[in-house]
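Structures are listed in the sections that come next.
Shared between the two complexes below is subunit A, which pairs with subunit B and subunit C, respectively.
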Partner chain A sequence: MTPVHFSFSSAFILGLMGLAFHRTHLLSALLCLEGMMLSLFIALSLWSLQLEATGYSAAPMLLLAFSACEASAGLALLVATARTHGTDRLQNLNLLQC
Partner chain B sequence: MTYLVSLFLFGLVVGLVAVASNPAPYFAALGLVVAAGVGCGVLIGHGGLFLSLVLFLIYLGGMLVVFAYSAALAAEPFPESWVDRSVIWYVLVYLIGVVAVAGLFWGGWYESSWVVVDGLKGFFVLRGDVSGVALMYSFGGGMLVVCAWVLLLTLFVVLELTRGLSRGALRAV
Partner chain C sequence: MNPYVLAILIASLGMGTTITFASSHWLLAWMGLEINTLAIIPLMSKQHHPRAVEATTKYFLTQATAAAMILFASTTNAWVTGTWNIAQLSDPTAVALISIALALKMGLAPAHFWLPEVLQGLDLTTGLILSTWQKLAPFALIIQISPNMHPAILTALGLCSTLVGGWGGLNQTQLRKILAYSSIAHLGWMIIVLQFAPQLTLLTLATYIVMTSAAFLTLKASSSTKINTLATAWTKAPSLAALATLSLLSLGGLPPLTGFMPKWLILQELTKQSLPLTATIMALSALLSLYFYLRLCYAMALTIAPNVNNSSAPWQLLSTQSTLPLALTTVAALALLPATPAVLAMLT
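For the complex of A and B:
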C-alpha cells in the first residue's frame, strides 16, 4: 500500500468513523458523508490515472453526479427537519411529540 | 512534485480529521473545503487536470455554497471549534490512530513508493483524462442518460420533501 492509497483509504475510514460516532447535528453527518464521497472520487480518479486506464475517467464524473443527488436529498431532509423540529440536532428527533 | 503531493496527501487526511472530529458545522464545512482543495492538488500531481478542475469548480462551487446556506440555517451563537474541550480529544484520538496505522505500513514505504505515478509526464495538449471523460458522450451514453434521469428524479424528491403543505411527503408543517 503506497502512501497515496493509504491517504485516501484513511480519509474514507475517518469519514465513516465520524458518521458513525458523532451525531450531534444532522449537518455534521451530511458533511461526513460528503467527505466520504470526496475520498471515493479521489480514489476512482487515482485508479484511472495511475493505471493509465483513461477510458475509466468517466467513472468519477458519474460518481460526482450521484453524490450530488445524495447531498441534495440530505439537505432537503435537513430543511424539512429544521421546519418541523426547529433545529437540526438529532437528539430532538427522539422526542415523541414537541 | 513528490514533496508537494506528499504535503497534499497529509492535508487530505488532516482535513478529514477536521470534518470527522465533530466540530460545529461551520468548521466542519471549512475542513471539507480544505480537503476538497487539497484533493485537487493530489489529482493535479497525478496528471488529472480535467478531473481536478471538475472537482474544484463543481464540488466547491456548487455543493459548498449549498452547505454554507445550510450551516446558516443551523446556526448557533457559540459554535465549537477544534480547540474546544469536547472536540480536541477526538482530533487527538483520530490523529494518533492515523499515525499508528501509518506506522504499521511505514516499513513498506521506500523512497520509490513516494514518487508520483504519472506516465504521461510532459507537455501535452490533450491529457489522458480529458479524452477519457469525453468517452462519456459516446460509449458511456447510457450511463449519461441514467445520470440525467437520476438528477431529474432527485429534483422532484427535493421538491416533495420541502413542500410542507398538506400535500407532499412532509405534512407536519
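For the complex of A and C:
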C-alpha cells in the first residue's frame, strides 16, 4: 500500500465513520458524504496521473459533477426535512420506525 | 407533478439502470446507480408529507453511502490491480467492500434496516418501483462479480436475509412493511444460490418481480395499506380479493403457484451441492414468511367483520387505475409453474 493509497483510503474511511457513527445532524451527514466524494476525487485524479492514463483524466471531473448533483439533492432534502420536521436533527426522523 | 418533469424522471430512471446494465467499467456502473437514485428522489418526495420526506432522506443517505463505497472499492481495486473492469474485480478487500455496499444498496439482511421504513413512507406506485426496478441495477453488478465473491459472505448474507425477513414481518400490521420484509426474504433466496447457479438468481428475481408487482397492484386497486382495510377489500372487488389471496400464497411459495418454482429449484440446487443444513434452514425460514402471508390471506378472504355488510363497505371513488398490468401480473404470479422447463431453458 503506497502512502497515497493509504492517505485517500483513510480519508474515505474517516468520512464513512463520521457518517455511520456521528448521527446528530443531517447537515453533518451530508458533509461526511461530500468528504468521501472528495477523497474519491483525489484518488481518481492521482490514479490517472500516476499511471499516465490520459484517457482517464475526464473521470475525476465526471465524478465531481455527479457528486455535486448528489450534494444538491441532499441539500434539497435538508430543506424539505427542515420544513416538514422543523429541524435537521436525525433524531426527529422517527415517524416510520417499527 | 408536471408531466414533462415526470417524463424526464421516468426516462432517467430507465437510463440509469440501462447504463449499469451496459457498462463494463466501474465508474460508468456507479454513474448509472447515481442517476437511478437521483431520478427516484423527486418521485418519492413529490407529496410533501413528512413521512414521504423522511423516507426520501433515509433512502438518499443509504444509497449515497452505498454508491460511494462501491466507487471506493473499485478505486482500491484499480490502485492495486490497475483495471476498472467489472468482471476482473480481484482484490479481496475490494470484493468484500463491494459485497457489503451492494447488500446495503438492495437491502440484504445485516444492512436491511432502511428498507421497511423507506417503503412505509412511499405511496404504492413508488413502492412498486422501489422494490422491483431499483433492484435490477445492483443485481446486474452482483451477478457479474459473483465468481470472485467469497462463498462464506454470500451464504451468511443469504441465510441472515431469509431469517430476518421471516422474523421481521411477523409482528407487522402495515402492508408495505410486510412487503418490505418479504422483499428481504426473497433477496436472501436470490443470494444464497448465487455462487452455485446465477441463472437461478435471475429466475428468482424475475418471479419475485412478477409476484410483488401483482401484490402491489392489488393493494393499489383496493387502496389498502393496513391489514384492517384488507378485511373489507372484498366489498370493492370480490374476485380480486380471491385472486389476491392466491398471489399472496404464491409469494409465500406454495406448490401449484409460481412462487414455488424458484424455491423448488433453489432447494434442489442446494441439495445437489450437498448442503442439506443450508437447504433445511432456508426451507424452514420460508415457513416464517408463510405465516404472515397466511395472516394476510386470513384477513382478506376468511374474515367477515361482525357488523352489517352494507355499513362495513368503505367509501370509494371510481378507480382510474389501468387493470391490464394487474391482470397480467396476477395471472403470471399464479400460473407460471407448469412453464418451469421453458423458463429454465430460457435462462440457461
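The rule is short, and it goes like this: the second predicted complex is superposed on the first by the 94 of 98 C-alpha atoms of A that agree within 3 Å, B and C clash if a C-alpha of one lies under 4 Å from a C-alpha of the other, contacts with A are read in each partner's own complex, and residues count from 1 in each chain.
One rule holds in what follows: contacts are C-beta pairs under 8 Å (C-beta built on N, C-alpha and C of every residue); 3 or more make two chains touch, one makes a residue touch a chain.
All values reported here derive from a predicted model rather than from experimental measurement.
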| item | value |
| --- | --- |
| First (subunit B), second (subunit C), both or neither touched by A:47 | second |
| First, second, both or neither for A:93, with subunit B first and subunit C second | second |
| First (subunit B), second (subunit C), both or neither touched by A:33 | second |
| Partner chain in contact with A:77 - subunit B first, subunit C second, else both or neither | both |
| Partner chain(s) touched by A:62 [first = subunit B, second = subunit C, both, neither] | both |
| Per-residue contact with subunit A, leading partner among subunit C and subunit B | B |
| Residues of subunit A that lie at the interface with subunit B and also at the interface with subunit C | 2, 8, 19, 26, 39, 62, 66, 69, 73, 77, 80, 83-84 |
| For the subunit C and subunit A complex, residues of the former touching the latter | 27, 30-31, 34, 37-38, 41, 45, 48-51, 53-58, 60-61, 64-65, 68-69, 71-72, 75-76, 78-79, 82, 116-118, 120-121, 171-172, 177 |
| Subunit B residues within the subunit A interface of the complex | 5-6, 9-10, 12-13, 15-17, 19-22, 24-25, 28-29, 32, 35-36, 39, 42-43, 46-48, 50-52, 54-55, 58-59, 62-63, 66-67, 70-71, 73-74, 90, 94, 98, 101-102, 105, 108-109, 113-114, 117-120, 128-129, 131-133, 135-136, 139-140, 143, 147, 150-151, 154-155, 157-158, 161-162, 164, 169-170, 172-173 |
| In the complex, subunit A residues that touch subunit B | 1-4, 6-8, 10-11, 14-15, 17-19, 21-22, 24-28, 30-32, 34-35, 38-39, 41-42, 45-46, 48-50, 52, 54-58, 60-62, 64-66, 68-69, 71-73, 75-80, 82-84, 87-88 |
| Of all residues in subunit A, those that touch subunit C in their complex | 2, 5, 8-9, 12, 16, 19, 26, 29, 33, 36-37, 39-40, 43-44, 47, 51, 59, 62-63, 66, 69-70, 73-74, 77, 80-81, 83-85, 93, 95-98 |
